[in-house]
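Here come two complexes built around subunit A, the first alongside subunit B, the second alongside subunit C.
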Partner chain A sequence: MRKNAILGAVLGAMLATTAVQAADREIVIGYQAPLSGDRSQYGEMFRNAAQIKLEEFNASGKLAGAKVAITFEDSKDDPKEARNIAHKFLDNSKVVGVIGDFSSTVSMAAGEIYAAEKMPQLSQTASHPDFTKLSPWQFRNITTQAFEGPYNADWIIAAGMKTAAVIYIQNDWGISALDGFVSGFKAKGGKITATEAFNPGNRDFRSILTKVARQKPDVIYLAMFYEEGAAFAQQREQLGIKIPLYGTSSLYSPKLIELGRESVEGLHLATTFTPDNPDPAVQTFVKEYAARFKSEPGMFAAQAYDAVGIMLDAVAKAGPSVTRESLRDALAATSGYPGVTGATSFDPVTREPAKALAKMMVKDGRFQVVTGP
Partner chain B sequence: MVFDVFFLQQVINGLSIGCVYALMAIGFTLIFGVLNVVNFAHGEVYTIGAFVGLMVITAMAPPLLAVVPLVLAVGAASGVGLERIAFRPFRRFTDEASQKSRAMREATLLSSLAVSIVTREIMMHIFGGDMQGIPSGYLLQQPVAIGPIMVASGSLVIFATSAVMLGALQFLLYRTQTGLGIRAVSNNQLGARYVGINTDRTIVTTFAVGSMLGATAGILVGLYDGAISPHMGFAPGVKAFVAMVMGGLSSIPGAVACALLLGVSESIATEFLSSGWKDLITYSLLVITLVFFPQGLFGHGRERA
Partner chain C sequence: MDVNVPDARLMPDTLAPPAAFSGRGRRFAWTFLLLAVAFGAVPAAIVGTGSSYLAQIAITTMIFVILSASLNHVTGTAGLLSIGHAAFYGIGAYAAALLSTKLGLPFVVTLPAAGLIAALFGFLVALPTMRLVSIYFAVATLGIGEMIYVVLLNWVDVTRGPMGIRGIPPIELFGWQADTLLSRYLAVAVIAVACVWVLHRLTHSYYGNALRALREDDQCADSMGINVERLKIESFVVATFFAGIAGALLAHTSAYIAPDNFRFMESILILAMVVVGGLGSLPGAVVGALFMIVLPEALRDIGDYRMIAVGATMFLSILLLPKGMLAEGTALGFVRRSFSRGWATIAGGTPVGWK
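Now for the complex of A and B:
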């Protein structure tokens, strides 16, 4: 009798578990990122941000009848590791989608396998033009200069400025920034008065400034990083040139103001993420991140937070019986995802992201959000 | 291209950048002159000067003129240390064969390169690879208008410093006993030793003086640029080297003249070409000089070992 009771209890418990399982299917998202080695600081930020987003999602009840988990794998920023991880995720039937990797090279190494084996992959940071061209299974939520350049061009034209000089750093990135801006500016009827390259490491922009100032453009567009941006702005001030400065999001760093001081006042740039953005979604994320991890989240943490959010929303859209195919289709249909890095939409054909960027300018010694043109 | 006020501004821009090269080339050439060996670590002495200057400024906020003697002292100390680590061990043998040995000279060149790399990496480790800003009260960046031409106050300071350094060095070399010793060692180290000159002391003095000039150059250029980094010595070091070679290796006025020539050529070339090409101008001038004036523009025939 006693034996039967135990058996009954065990059976009952088993039945109960199966019932719970039927109600709560476990869906797994793979996350590959460098969690050790030189680039581990980025992987750490991704994992931190991903945890916050995942908890928010599971608590929100957007997906009834299933629970989502994220499993992290350390790619060490190494293409070989990334390929091994790709096979591991593919062999796990619970994994329906993958986020990562960090760099374009590593993301593309894993991406080739995901493309062949049909697993949706969303990278928060891979900005190489060829990444999304691998196959219809690759997505990214970071914008490239091909998006940012025309965006800034529209902004400048809307502010009533018609002629621009472009100063860009002589490397792959600088050339892509130049192309993006120039094509966008010309398409809107703007005129480019000069495009001037400088070599990485150059600190003296006086000759370039003097040359550019002769043609009196309405605006100087800077495609460079904060070290050069600060030097450029200081020398512009010394030479008494008053032409306004606009720049790429790469200038967005507290160091720009620390080095450039008053000379960078009035510099305009558009960026995806700023912790000062008054948007409540941004403020919630910034506070939660700071409370848990004792540091202010930067652009990378925000990118990961939104990548996880986009992926989870796509899972919710596909429903509890989500498959790799239905998740891919749901991702491709992402439109106006309200993230902390601006509302993100994926182009249905190229799968390239489009975002509303935050327009900023340096005012009173700090970056401030600009409203209006 | 037109000869207008912008063109004149370009010439002035060129002179200011030429002065930066010249400031570095002076110490570089002085040290080269005495041993006939390139001192690759001169750029790091320059960087040390800038970092020590910045540390003193942030720690004690002294008046600018008080920073200079301290930087000079640190420069002299690093010059002496550099000579001890990278150069003296290769002068153990004083016989004529070793003194004229090409292998010995190349070993010295490489040891200075090694010291330069190690020093730079240590500075990277301590200060990080980022640019460090200079407190605004010390910056030499106020615009000064001379008619329609704009000059930064730092350019004037650097110009004046180069002129003073050049003058003081010429005085030291041609009007003092120490200078006579330096010239003697430079001319023939063995001969100098035979006539009773303490060659080691003369060489140490030269390194100390040359490095004092290098360290001062570093802090001045840092204040003028507004930011310093452990890599800041490299680019002007290469230009100073080119200026030294063009000027005839051991002629200090020659190196200064060539440094100004390089600066002005780079700046004017920006009017015709994209500024990405400006290094091409520098090296083309170097090649042209070496082809047509193998002794350099201001050099004279010298005994080559």
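Now for the complex of A and C:
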């Protein structure tokens, strides 16, 4: 019985190797995303961007002797569906790596399974601080406030400004943005004159503005979204306060300028992706996406495009005989991947991404890339 | 309603036990069959195919069998339309998660504790809402469900808010750890079967008749000497207790929970299971859970049209089978015969009442 089993295994292995030699090996990447339900628009963007990148990759011939395919599964942004999908991918021996899911909760529900069963997982959007701490098998290519805060702090210090006041929205994201910026700013020798929170939905910043302006900081740092950002900038103009504004990437939206008009002139922020970045890689992607899907790609499409790119580059590095283990190691070695959301590197230990962000400012009624400090 | 008067005409022949079983054998035929599926066929399929996907679906199904059967107890049998069931599922899950991660309590403690904590909340909710009827009660449970969801989301110090709780240990019983998917399934299945058995004994009894009586006409039931308010509270507490148990099973099998597991849509999903299966029918609730979990997975391969197909199937099932896949009347007759819960005055006669 046992002998037969061993014989069978040996024969099977021999057959498998001859099969690989005879035809191109098929390597599959699993992609789980909300393709139906409340958040299906994000899943749709991910799938569109992923298809463009996959075709580019298979046409580039970076990986000889194998063909890569992506299998999409609809998670409906539902943790229980995500767990089912995780097992479906694990059962399929052709799947060597997984991209997704969209929200942190769903990514982590599946992530617990990938961690236990040893499948590399790369999320394009999960920003939960614990996500990459699940196991050495989790990666993400979205930067968190723990990265963006110190990045902006460096930028402000480099521009010669030494004191800052922080206005932040009172929620988990706002608190993480505050922590990230304050620790980064203090580490570079900056001084925080005030930190002021406001409740989500608040649009009246006059009292905060007067209070903050009294201490005359060199800069006001805004951790909020574009609606509040526009209201804040307008009230600052009305009160005649001239302190320059810097903000988080969450302010990056054409709506900010539409709502804030002249008052947002001179606002600085750093972001990962902007469709008008003159970088040829960005322009190729934007044109291809617009031609195929009749819409301009946003940050989410760009994140997915780069996540797929990073995953496929790692597959190419690991070679046609890639396994889940070798793909994980190749992913961990990602360094300076030239994506459309900035050059991405993974910290080999924490697996957190570091990116060169695009520095922007509002000038002449539109966002323009800033060169130099 | 014909539900309390067993009538042979209500029972199609197909539901009669296999002819080969007679006497004592016949009495246990369906029990054997169901246990054989839960503990024989499903584990055999999991081992045989080596599919962890199948095992995961089986676990999810078992958890939803508990949720659907418990909601059926309050909404189907006692007639109180609750659309906040997922909140109690969430309370159970958070109770088990916090007790095991913060206090290090073992599964034998966290499981009943999760049920009891959910039942306590159920009791507190039931006290002021029991005077409400029909849609007013439904709206109250909707509000309470949302309230509990928002508390789970915003009480960051205790629940960690949107961050969720991770690192919840797997099911463990006196040193035996359910660390493989098969053992996890078996542990969940044992508990699910026990829960359904308790609900079966509660529903298929004169106590169940009293619940059905207050559903049909609570003033009439009151005038017959039934303590309506107490029975309503009891049925709500029992249902929330089992929802809490289901939550504990989710926490211990998935290792990570967050408020998004317990959104309003989850309550609606459970309600759909009960209605598609057959409102007031316990076997229907079990079939409904099976149907609503397995169908979307079975349709995965059709891609983008999957949820449309699921919706269409639900629509057709309600249109063609408005009383559900296993209607209450049929189900009660079936239980009386096949599980030998009714009295038969003469051999082979129509069973009546409850043993």
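Keep in mind that, in the parts below, the second predicted complex is superposed on the first by the 351 of 373 C-alpha atoms of A that agree within 3 Å, B and C clash if a C-alpha of one lies under 4 Å from a C-alpha of the other, contacts with A are read in each partner's own complex, and residues count from 1 in each chain.
Simple rule for what comes next: a contact is a pair of C-beta atoms (placed from the backbone, for glycine too) under 8 Å apart; a residue touches a chain by one contact, two chains touch by 3 or more.
Being a predicted model, the structure only gives us computed values, none of them experimental.
Aligning the two structures on subunit A places subunit B and subunit C next to each other without any clash.
In the superposition on chain A, A:M108 makes contact with subunit C only, while subunit B stays out of contact range.
In the overlay built on the shared chain, the residue A:K211 is in contact with subunit B alone; subunit C does not reach it.
Applying the stated contact rule after C-alpha superposition, one finds that A:Q238 touches subunit B and leaves subunit C untouched.
When the two structures are aligned on the shared chain, A:K255 is found in touch with subunit B, with no touch to subunit C.
When the two structures are aligned on the shared chain, A:T284 is found in touch with neither subunit B nor subunit C. Once the two complexes are overlaid on the shared chain, A:L35 sits against subunit C while remaining clear of subunit B. This overlay, made by fitting chain A, leaves subunit B and subunit C with a least C-alpha separation of 12 Å.
Touched by subunit B in one complex and by subunit C in the other is not one residue of subunit A.
By the touch criterion given at the top, residues 50-53, 55-57, 60, 156, 161-164, 166, 181, 254-256, 258-261, 296-297, 300, 303-304, 306-307 of subunit C touch subunit A in their complex. Touching subunit A in their complex are the following residues of subunit B: 4, 6, 9-10, 13-14, 16-17, 130-131, 133, 136, 141-143, 145, 150, 152, 225-227, 229, 231-232, 234-235, 266-267, 270-271, 274-276, 278-279. Subunit A meets subunit B in the complex at residues 170, 195-199, 201-204, 206-208, 210-211, 213-214, 227, 230-231, 234-235, 237-240, 255, 258-261. The touching residues of subunit A, when paired with subunit C in their complex, are 35-37, 72-74, 76-77, 79-81, 83-84, 86-88, 90-91, 103-106, 108-109, 111-112, 116-117, 128-130, 134, 172.
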